[in-house]
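So, here come the structures, one by one.
Both complexes below contain subunit A, partnered by subunit B and then by subunit C.
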Partner chain A sequence: MSALPRLSTIFLAAITTLVAVLLYSPLFVPIVSSFFTISHGSVDWSAPTLSTYVALAENHDILVALRTTLIVGVCTVILSVVSGTLLALYYHGRRSGRSVLQFIIFLPFLMPPIISGLALLIFFREIGLERSLLTVVIGHTVFVLAIVYRTVLMRLQSMSRTLVEASYDLGATGWQTFWRIILPNLSSAMVGGAILAFALSFDETMITILVTGTQSTLPVRLWAMMRLGFSPDINALVALILMFTVLLCVLAARFLIPRQVATERT
Partner chain B sequence: MNQNTDLLTLRSVSKSYGTVPVLHDIDLSIRDGEFLTVLGPSGSGKTTVLRLIGGLEPLTSGEIHLDGQDISRMPINRRPFNTVFQDYALFPHLTVSGNVGYGLSVRHIQRKEIARRVAEALDLVQLGSFARRFPAQLSGGQRQRVALARALICQPRLILLDEPLAALDLELRRQMQIFLKSIQREIKTTFLFVTHDQEEAIGMADRICVMEAGHIRQLGTPHDLYYRPNCEFVARFFGENNLVAGKLGAVQGELRSIETTLGRLVCSISDQPHLKAAADGASAYAAFRPEALHLADAKDTDNRFSGTISDMAFAGSSSVATIAAGPDNAAQRLRLRVPSRVDGSALKSGETVSLSFAPHEGHLVLA
Partner chain C sequence: MSEAGSTQHAERRLSLLVTVLAFALPVVFVLVPLAIFLGYSFFSVDQGTIVYGLSLGNYVRFLTDPVFLPVFWNTIVLCVSVAIICILLAYPAAYFLTTLKGRWRYALLMLLLVPLLMSYVIKIYAIRSILGLNGFLNKALVALGILQEPSTLFVFNMNAILLTLTLLLIPFAILPIFLSLERIPQVLLRASDDLGASGLQTFLRITLPLSLPGVASAASFVFVLAIGDFLTPQMVGGISGFTFGRILYSQFGTAYNWPFGAALSVALAVVVIAAILVGERFGRNRGTSV
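Then we have the complex of A and B:
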């Protein structure tokens, strides 16, 4: 890269900065403006305040929606981690049928959410399942399963086969090998997958709108608030969700990227 | 621990992966307490032999006997053998002592007893102070010793080692060779050691089993293999050698002549009845080591021929001359090894010299 002339390096840097600012600065506008009040339709920049956050905390509907979101998220994580891990374990090392299974698991993740949501809605109606939090959890699990499955399968594939062989060789049974060798080596991938699954469930809107009953999750609540008009506590809510999602992603990365352990030499 | 009783016997063992055969009718006996090395180039089936004995792979046909009992169908976790894997296969989430104690804890042995035996095993491999480290915090040589301690704590009848030194650098590998050999003497357990490195095999083994293309080519002591190779493959694979093709001639007691491009050569056939029995005129090779070849003097009457030195290479403790010999001093390439001297060798590139080797240092190999 050092071969690039100085002028073109400056030019590239300028372009990069411009693109970054244009694309990502809108993300920071709500965060910044959440600390200011709005009066007569424009932001009052003179006095920073936490009043929008106070208003948010006093909004009963928001708090209920937050609780709903957390319940859905936790249930989705439990369901998707258990089933995703089982699927990964079952299909690891098998050649036949794996690509078909992967395709089916990835389909809801890649399809437009409105299609997945509609398909689920029609399915629930056909089998006579009332729309409720249960249908939301099922919808979210179908959506995030691909992430957990893929994360666990990748870890399984990077695990040396000889670890399992060594366990048997040392006299362990299949059950002992699973609990004492395989599962501990998958645990960080499972935690990472769980965090990603939770982040996806936390933000999911389209499928949720279609399959939920009377209760709404946080993003759905936000959507409803937007339709009524722009209010300052929306800024605060967007800022909080944004920060929370970033936090989850950083956490997930910590579990999924292998730690570098310095090897000592003596 | 009688070195003359057989611990383990392979009887016409074959193995195929799908339709690809990798082992053909192997017969092999491992003696109780010996250090047996299985040596071969990659793809020779040596690792497969180890995996079949360890129970990591099922046999295609044949039987494996332990103390006379057929164990071919015995599951891997019930065989009294333990393996040191090429990549060590240490459990990354367990400490050194967790790794070493694993084989005992899965057998539900009491914690106190496990702790005592782990300490003992770590002392044996000189890693007593590393018990609480994780494998990622150890060097290659240390990991290797943990893998060894983990295998020998189960007091197996046989320890299987799958190229355990391949990942180490040269100096560490030499240290580990001596270390492994001394541990084997101390605990008096049978070692089956797989390697592709013939120097390693010579240095460590009581006996060596040379494999090629799924067959055992020769089984014997390092000395036997070096000086009495029974086929062209072993003669060429095992150390540097000069092989000269020819037709067998008359037997004279413990010697037999062979007609070659270098003229009539006389070689030893002692303790090799198949060479005595071979027909006159049969195709064979005269084999003699580079260190057996020397400049001829007046006393040398047998095995005398001339050659031109085409190259001299200094290789530290010794120097190697490449020599063109045979008709017109061109047809046959030979190597001659002499101890190096500070004031240079008497041999000069381009010189034509008269060479010889003693009949008892030459050997015959049927083609």
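Then we have the complex of A and C:
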């Protein structure tokens, strides 16, 4: 090895480290400070404490917002997985009109959320649907549908046709083939898609702000609180949410990565 | 026999339902709202109520009023800058990842992508507290003796928006660049080396040109995400950091002019579509298959 490649490797490693620091410092600041109390405007480093976590358990507004977020997330997951799977099953192996409809499904994901959100806001107003959690769920579903659809469709495409043909040859009806062959094969893609949908819904802020009524989800609640400045218990919440999100990522990777390995092998 | 007939009948009815849903869902919940939205941009507002008469007034106002076009242009420049900085940081990092072997490569890639899934509002808040007048950045700079006193350079202005958006969007630049670098066949690099090219020559003549599609996709991703963001500028921009997204959002809040907001959205959509098309056009991988 000559000196130049070694120098350039050091340079590249340094930039990569810088990027990692830039990406992670906004995450570590709240986590670290959640374990310390703030007195007289500066952090008291001498005594780590869990008092912020205790304070969080008593913060009623935040807990209500958290519950709202979970309700919205679960409804979004159910709606988007059912409709995303239906759409994937329907469009799979069909040529006519597929690319156009697929493009329409992807639009809310490609367009800036402000455009999707405002379009839905005006739509709800025109059809006389009052802004509520229902409109939030619809907004989230429209936004995450593309992800679920794509995850399921990719699994369908990598699934061997012979499985379905064998099922028919053995005398199964279309219904039986669907329940016994297609659905079990899709299940892990559906679970992976559901986790991604939940993670996206959990963090969705811009569309939610535009279509929500009086009840706010956690990001919207935090957004409103931020203008006044946070109380320390928010740091505790942040730490918990980050842990939860990491867990979701690991779960999603578990359900989605076997498929990639399988496609690489073929 | 009749039982089989009825299940077949039920199946046929079900497939009809699925067909209707497959067309109705995207059309009703995506296409119709967008169409109504586009329609709104030709309406106007009179004393707080929306007038459903077609006119080009909103577009004329956008193009002639001295306020909107400069903000529009400044926002585009801001978001192009964000894209450029993101790429300058992401390219070396992505290149470094491809020099790693096996498991390390993907572990580190995951490490750099995971922050994407972390709460967006909280990241903005944390960045703001780092950049603030009493924030970590200022304290560190003062402690290091680089600054005499805390600087207002990164507090509630365009610089703050630029930095925050960059920090938020770097992962979106890393992934496409990494994928295009990874796709470059090793034989090409070895051939270049065999033919006596230096490391720098190989990089400039082989690696860089072949990774440009990834750079184009990265730029288009980052630009589109940056220009559509109205929360970050609101949070860290203060009064002087006025972006197009904020003006657009205010039409649906304080200014209460939905039709004009819709027209501004159409202008935004045009830029976004152009950016996506440019990314798509130059983002195609060509000539990397051997």
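Definition applied: the second predicted complex is superposed on the first by the 248 of 266 C-alpha atoms of A that agree within 3 Å, B and C clash if a C-alpha of one lies under 4 Å from a C-alpha of the other, contacts with A are read in each partner's own complex, and residues count from 1 in each chain.
The rule we apply is simple: a contact is a pair of C-beta atoms (placed from the backbone, for glycine too) under 8 Å apart; a residue touches a chain by one contact, two chains touch by 3 or more.
From a predicted model like this one, the values you see are computed outputs, not experimental measurements.
Engineer: Once chain A of both complexes is superposed, is A:I15 in touch with subunit B (first), subunit C (second), both, or neither?
Structural biologist: Second partner only, subunit C.
Engineer: Contacts for A:M226 in the overlay, against subunit B (first) and subunit C (second): which applies, first, second, both or neither?
Structural biologist: It touches subunit C, and subunit B stays clear.
Engineer: With both structures fitted on chain A, tell me whether subunit B or subunit C touches more of subunit A's residues.
Structural biologist: Touching more of subunit A: C.
Engineer: After superposition on the shared chain, which partner residues are touched by A:Y53: those of subunit B (first), subunit C (second), both, or neither?
Structural biologist: neither
Engineer: Which of the two partners, first being subunit B and second being subunit C, lies in contact with A:T173: first, second, both, or neither?
Structural biologist: both
Engineer: Now for A:F198: first (subunit B), second (subunit C), both, or neither, which partner does it touch?
Structural biologist: Neither: A:F198 stays clear of subunit B and subunit C.
Engineer: With both complexes superposed on chain A, which partner does A:F255 reach: first (subunit B), second (subunit C), both or neither?
Structural biologist: Neither partner.
Engineer: By the touch definition at the top of the document, which applies to A:F143: first (subunit B), second (subunit C), both, or neither?
Structural biologist: neither
Engineer: Have a look at where A:F35 lands relative to subunit B and subunit C in the superposition and call it first, second, both or neither.
Structural biologist: Neither partner.
Engineer: State which residues of subunit A lie in both footprints, the one left by subunit B and the one left by subunit C.
Structural biologist: The answer is residues 173 of subunit A.
Engineer: Quick one: which bits of subunit C touch subunit A in the complex? Just the residue numbers, please.
Structural biologist: Counting only subunit C, the residues touching subunit A are 7, 11, 18-19, 21-23, 25-27, 29-34, 36-37, 40, 89-90, 92-93, 95-97, 99, 108, 110-112, 114-115, 117-127, 129-130, 134, 136, 167, 170-171, 174, 198-200, 224-225, 227-231, 235, 245, 248-249, 252, 258, 261-262, 265, 268-269, 272, 276.
Engineer: Considering the complex alone, what residue numbers of subunit B touch subunit A?
Structural biologist: The contact residues of subunit B facing subunit A are 54-56, 76-78, 81-83, 85-87, 89, 91-93, 102-103, 106-107, 134, 136-139, 142, 150-151, 154.
Engineer: Across the complex, what residues on subunit A touch subunit C?
Structural biologist: Listed in rising order, the residues of subunit A that touch subunit C are 4-5, 8-9, 11-13, 15-16, 18-20, 22-27, 29-30, 41, 83, 86-87, 89-91, 97, 101, 104-105, 107-108, 110-115, 118-123, 126, 138, 141-142, 173-175, 199, 203, 205-206, 209-210, 219, 222-223, 226, 230, 238, 241-242, 245-246, 248-249, 253.
Engineer: Which of the residues in subunit A come into contact with subunit B in the complex?
Structural biologist: Interface residues on the subunit A side: 160, 162-163, 165-173, 176, 180-181, 184-185, 261-266.
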